[in-house]
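In this document, chain identifiers A, B, C, D, E and F correspond to the written order of the chains, with residue numbering beginning at 1 in each.
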Amino acid sequence: MKTALRSTLLLCVLLLIPFAGLFAADAPVATDSGATAWMLTSTALVLLMVPGLAMFYGGLVRTKNVLGTMMHSFTAMGIMTVLWVVCGYSMAFGQNVLGGWFGWSNDYFLLQGIDTNIMSAGIPEYVFSMFQAKFAIIAPALIAGAFAERVSFKGYCFFIALWGLLIYNPLCHWVWASDGFLFNLGAKGAIDFAGGTVVHISAGVSGLVAAIYLGARKSYPHLPMRPNNLVMTLIGAGLLWVGWFGFNAGSSISSGLSTAQALTATQVAAAAGALMWVILEGLHQGKATALGFVSGILAGLVAITPAAGVVQPAGALAIGTLATVFCYLAILLKNKLGFDDTLDAFGIHGIGGIAGAIFLTFFIRESWMAEAAGVAEGWNTMKQLGVQVMAVLIAIAYSAVGTWAILFVLNKTVGIRSSEEGEMKGLDSYYHGERGYGMINPS
Amino acid sequence: MKLVVAIIRENQLDQVREALIQAGIERITVSYGSGHGRSKSEEIYRGQKVVPNLIPNARLEIAVNDAFVDITCDAIINATQANDGGLIGSGKIFVMPLEECIRLRTGERGSEAI
Amino acid sequence: MKTALRSTLLLCVLLLIPFAGLFAADAPVATDSGATAWMLTSTALVLLMVPGLAMFYGGLVRTKNVLGTMMHSFTAMGIMTVLWVVCGYSMAFGQNVLGGWFGWSNDYFLLQGIDTNIMSAGIPEYVFSMFQAKFAIIAPALIAGAFAERVSFKGYCFFIALWGLLIYNPLCHWVWASDGFLFNLGAKGAIDFAGGTVVHISAGVSGLVAAIYLGARKSYPHLPMRPNNLVMTLIGAGLLWVGWFGFNAGSSISSGLSTAQALTATQVAAAAGALMWVILEGLHQGKATALGFVSGILAGLVAITPAAGVVQPAGALAIGTLATVFCYLAILLKNKLGFDDTLDAFGIHGIGGIAGAIFLTFFIRESWMAEAAGVAEGWNTMKQLGVQVMAVLIAIAYSAVGTWAILFVLNKTVGIRSSEEGEMKGLDSYYHGERGYGMINPS
Amino acid sequence: MKTALRSTLLLCVLLLIPFAGLFAADAPVATDSGATAWMLTSTALVLLMVPGLAMFYGGLVRTKNVLGTMMHSFTAMGIMTVLWVVCGYSMAFGQNVLGGWFGWSNDYFLLQGIDTNIMSAGIPEYVFSMFQAKFAIIAPALIAGAFAERVSFKGYCFFIALWGLLIYNPLCHWVWASDGFLFNLGAKGAIDFAGGTVVHISAGVSGLVAAIYLGARKSYPHLPMRPNNLVMTLIGAGLLWVGWFGFNAGSSISSGLSTAQALTATQVAAAAGALMWVILEGLHQGKATALGFVSGILAGLVAITPAAGVVQPAGALAIGTLATVFCYLAILLKNKLGFDDTLDAFGIHGIGGIAGAIFLTFFIRESWMAEAAGVAEGWNTMKQLGVQVMAVLIAIAYSAVGTWAILFVLNKTVGIRSSEEGEMKGLDSYYHGERGYGMINPS
Amino acid sequence: MKLVVAIIRENQLDQVREALIQAGIERITVSYGSGHGRSKSEEIYRGQKVVPNLIPNARLEIAVNDAFVDITCDAIINATQANDGGLIGSGKIFVMPLEECIRLRTGERGSEAI
Amino acid sequence: MKLVVAIIRENQLDQVREALIQAGIERITVSYGSGHGRSKSEEIYRGQKVVPNLIPNARLEIAVNDAFVDITCDAIINATQANDGGLIGSGKIFVMPLEECIRLRTGERGSEAI
């Protein structure tokens, strides 16, 4: 039990260097069955977010596109898992290659070298690898919201494969691998506890670029398009909230104090974001919508993602609230500007992620700042802010340019935008030969 | 015999039905439709007011003997106006000739079968 | 590992004094990563019950109210979380104030004093606090079933906020805080393992009071109102069952024998309740409905909630079965009397909770009774029955009177019953400006 | 912590002798709170598969049968749980009786003898028993897919009760009890990590037999029958995937390396199976359907079930892919032959289970083969293949004959096929007096 | 030309369709409606028998040439009665005059286009 | 006055609506139906091509004054043919006499109310 205590303390320290040194163990490490249990659970919870996202997005599109949109989430489970096992894990968590553009370790090819590895946190490396795999699934699935209802199925499949390889894996390496350059920025690195930069900002920005590149849906915005199933969207949001506990609290790679702190921050920020959204809508429109409430949940969850390890409940309350304000405004602005970011991948994930990464600076636990000051003397909020802004800008720039390049190439080859006929008939019948709700037509 | 088709606001279905029953018209068939007329209804989508271009309506079909056409129409008109005060989008009534009506159960035909 | 053994034994002892002494630790305690893992999981599972409840209730109302009804569950997640963090935890688990009406500890304000606390059970206090927060969410969300389809959104929001502060927090304090007076009743306290009194009886009774106070829905009962989506109700019940494992087994605040006992009792009672319901319906109506089956699941789960820690599988079988019989009869009676407890919050949660709290007395594990007899000589079933009945009556009286008072005040101020127009148009369009199922109308 | 290490090693060894020796403990064992936590979680996850299955199957039938089909899964939760507690656990894990046909231990009656047992793996026996109970629920619920849309509710209830008692419990005993004869076949037994034989092959084969015995649905196949809700089917598949982590990784009865290996194999095989299915469909039909994708998920998951403990990611990739190919072909064949295995219980679970049990032989971890060779000199792939084929054949033969006998008896007594009127009106209204989707008709 | 509108029990849709096809009537349009007539159907809600006030029906629309009106009606009547034995709620047939019919694909008009 | 009922492919609803609006016909009612005609549509079910026997359609109801009947029909014909090139299953238009039309809001009757 002493060991447990020590490892808890250790983990507290490691908390903000997520995944750092986890690989450094030389001596054989004992498995911590408790930490392993929670990481297994977290892996399951993050996987639950994928059907959750499928429901969230699927409910918001028009009836004729419901299956196609859900398939965007589901196919990400298939494609990204296989890629991750083959080479993604290696690119993300291997040793720096090509000047640190990404990583590589032959050992990690098909995960064959980690069959019996136990990480220094006491969990089998397989679990860590599978937990991380889920992040690589979620990120491209989030993008799909930006160009929903008008993307060809084949084009989408190629897009997420390339995006995962060229955008996600490098970014993940920079931010989370122990030799990643963002991981080593400033005193204690750029803070991205559970993927604000890696997952949400990159997905949000890529989504915006893709939405602009593909162009708006036919007859957007003059023809309003009604969600086919808000009920399902609500349930999906509920599952996302539940799954996010795995996403954030699991990112502590432990089962102890830091896990608890992350879980608490997550719960509080989600609630604060949701309440703020209905308050804003109440003031602005006179009605508090269900979609608004769940959008607020997401805004809060996204914003707390980078911050969950460093802020206390009061900070989480503030971050959730602020994120919602910015997301709300961003979506109003988008509507003014007329971009067709269909399901607001940028408005929620991009803006929420940016807001979280920046604002967290002002709510960092004192103990963390003290430690940072121990590492780099005179380290203060403003310096950390600089690091955060830098990391955000790099993530934005890299994903924007990279996504644009991928789309450009795909557009010239397999094609990415759905044919006009496909868009009109609906993705479901055109690409999948099916319809979502047989029950609404006699048959 | 006539077939009266009334397109009404979805949310006035209950009161129209009650009015019809009070007027002695008990047999109706209702289905859902969506309409495009002069009316506007507003929904909100992420902080934006949205005017759906097809508004959900209920569609009533009532087969009646000639003598009941006016009773039926009046019942519908009163029920909808009473709750509406001239708001746009109350709906329409269409009256069509009905040549034959058959009760499946008994095979009765004509006005008996209505 | 010895420590683990010892703490397991300790926990067995603590089992029926739930949450007692958990705060007593003076010496620093090591984190038990396994217990923490299960408590984190339980927290996620209980959160899953909220979308589960939203689906259960949402499927039973008419199409025009589906979103509004689901929002009742969802907004509880927002409002109760924020309140809990701000002051709820303090009111529930702080030191007695105002003669023990509720608790208070300045430390718990915004949870700022527990940032690094580890409880004596080896779990971070944050986890306990968040686990408990979910109970504070579920309870008011349950009430919403009683006055579904006719409550104003704003009124509901105020209602649950006040109800949480004035009814739930005090009750929770009485039953579970170490200085709560129900916690100290009799030899080993009134048995309420996971919230039969605190959550279900209080919610059920409050629901009944509210249903009567607000009055029946327009044209109830002469106009039958058909569930819009029984399929969703079934799925919701499935999620509730799964989540209830967290609710009950999590209430052991450990991961060991007592947890396993609670989980087993939960599974058995739910199954028994469900089977009994379809058997009753089969005999009474000639058809076994799906809604009946899931109502039976709920009845069994509710009844086993107070009992999960003290009964063996045979007892759980009996309690689940009995609870269903009483709930079934209660609902028949309600239909006779003509109360419009729309979704039977009282019929299931009130009656089920009461049945469980009372009947458990006859199935208590011998070891528990022996221990109780050790504390208070000659302690026997009848004496414990007295304690249970007392606790139940107090919970009924307090929630009934308190709820009535809250409703009275709200009715004079913000208003609680929806306008007639809102009820006719449906909550969805009137309060939220949305519709649940876009797919059923062409658009 | 040393103990933890040792127990981890121990568990690695035990991994392929699932559940063996778990009962052997003489000295009192300390609870491993971490392993217990994961086993509790797994129990919850496997329970989640039941609503998941209800959604999967429920979405595929016609509108008029949706509740009836979901009830098949739900009633299994009720009936099988009660039976398991009363006698199932005893029949499956008690001592050999009747020459090893099944087991029995009076202790296990109503689980009364295990109230405080801790197994040698450090988890309370209750948890193991409840975990196993879920398998006994899932198996008959899977069969229901084969004769969906034409079975009487009462007949179904009797069928699963008898099937559980006479087919499932004995099979479970043979394969997993330490004195089961399949468990002791060859060097290290027939490999069935998480129930490929016990659950999937037996359910698939029984399904086929039942489908043939009951005969096709009226107007099958000339009248195509459209799924009422593919959206729900997709979500159900998502939940099944998540729940399968409990199913497979939980079957390690630990929280350590073997758990992690099983989880990884599960994830990889599901993804590979899903991708392969859409590729096949793309080549064969020109369209990749959503139902195809989720069928591929299931095929992969089913096939990896027996194998999850012994194969590495590359093997899982191969098994998932191969299983999909065989399932796809099997379903084409079925359509040619004209059997009405309505939802392909045999095509997916039977064939997938067989494919997994056989193919796993070629991908076994070297360390396992080395150990087997240690036990029986010269043990090699071909010998193990013999054992696997033997186990598969026995499972097929036993379930086929047994199911046929049960159906024969039921057919003469309570009746099993629904009345023609019931089939025409739909199970929902005929047997349950309800309809699934109130919202599609004005009311 | 006539337009035949038949309101039938939802669960008799299949047999009516088969009967129509046998009678040579292959083209129909079907939608869902809910009806209020003399029929009663019972559902059960938590131990209580409930009589929904609108009963789910199928609504068939069949455009036919005059010569086929009787054939159509007879096919429907026979199919429903055969399975029903005079239970209340079998439904109704309404026959309306149809002035024009156009096949969109070819632009054909009149009885050719039916 | 006539009531024009058009059964069209579900996925041509948008373009038909646009064509109608351009032709000055703004008021319509749309509902879902499923049809059985000469058309075939294919869906795929687990590796098998399936031809559903009822194909989802949209059903438009448009009440027009006599002068507008041809305009309406032409708009629909053009909109569907433009996108279809003679594929089977474009749908049908039925024109029925309409005897009366009432605007519920104002009580106006006849061609004023259309």
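One rule holds for everything that comes next: contacts are C-beta pairs under 8 Å (C-beta built on N, C-alpha and C of every residue); 3 or more make two chains touch, one makes a residue touch a chain.
These are the chains along with the protein names UniProt gives them: A, C, D = Ammonium transporter; B, E, F = P-II family nitrogen regulator.
Since the model is a prediction, treat every value here as computed from it, not as a measurement.
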By label, the chains that touch chain B as well as chain C (Ammonium transporter) are A, D, E, F
If contact pairs are compared by residue number, which of A-E, A-F or C-E agrees with B-C in over half of them?
-> A-F
What is the distance, in whole Å, between the centres of chain B and chain D (Ammonium transporter), each centre taken as the mean of its C-alpha atoms?
-> 52
Per the C-alpha means, the centres of chain C (Ammonium transporter) and chain D (Ammonium transporter) lie apart by a whole-Å value of 33
Cα centroid separation, chain B vs chain F, in Å, comes to 20
If you average the CA atoms of chain A (Ammonium transporter) and of chain B, how many Å lie between those two points?
-> 49
Flagged in chain C (Ammonium transporter) as touching 2+ other chains are 1-2, 4, 32-35, 37-38, 41, 66, 223, 226-227, 229, 255, 285, 287, 289, 291, 432-437, 440, 442-443
For chain B, which residues are shared contacts with two or more other chains?
-> 30-34, 43-44, 52-54, 96-97
When you draw the chains as points and link the ones that touch, which shape shows up: line, ring, star, complete, or other?
-> complete
Under the touch definition given earlier, write down the residues of chain E that touch chain D (Ammonium transporter) in their complex.
-> 10-11, 14-15, 32-34, 41-44, 52-54, 56, 83
Residues of chain C (Ammonium transporter) that touch chain E when the two form their complex | 223-224, 226-227, 280-281, 284-285, 287, 289, 291-292, 295, 328, 331-332, 335, 344, 347
Which residues of chain E touch chain C (Ammonium transporter) in the complex?
-> 43-53
Touch list for chain D (Ammonium transporter) against partner chain E, complex | 64, 219, 223, 424-426, 429, 432-435, 440-443
What part of chain C (Ammonium transporter) is in contact with chain A (Ammonium transporter) in the complex they form?
-> 1-4, 30-38, 40-41, 43-44, 47-48, 50-51, 54-55, 58, 66-67, 70-71, 74-75, 77-79, 81-82, 85, 110-112, 115-116, 118, 123-127, 129-130, 133, 153, 229, 232, 255, 428, 431-440, 443
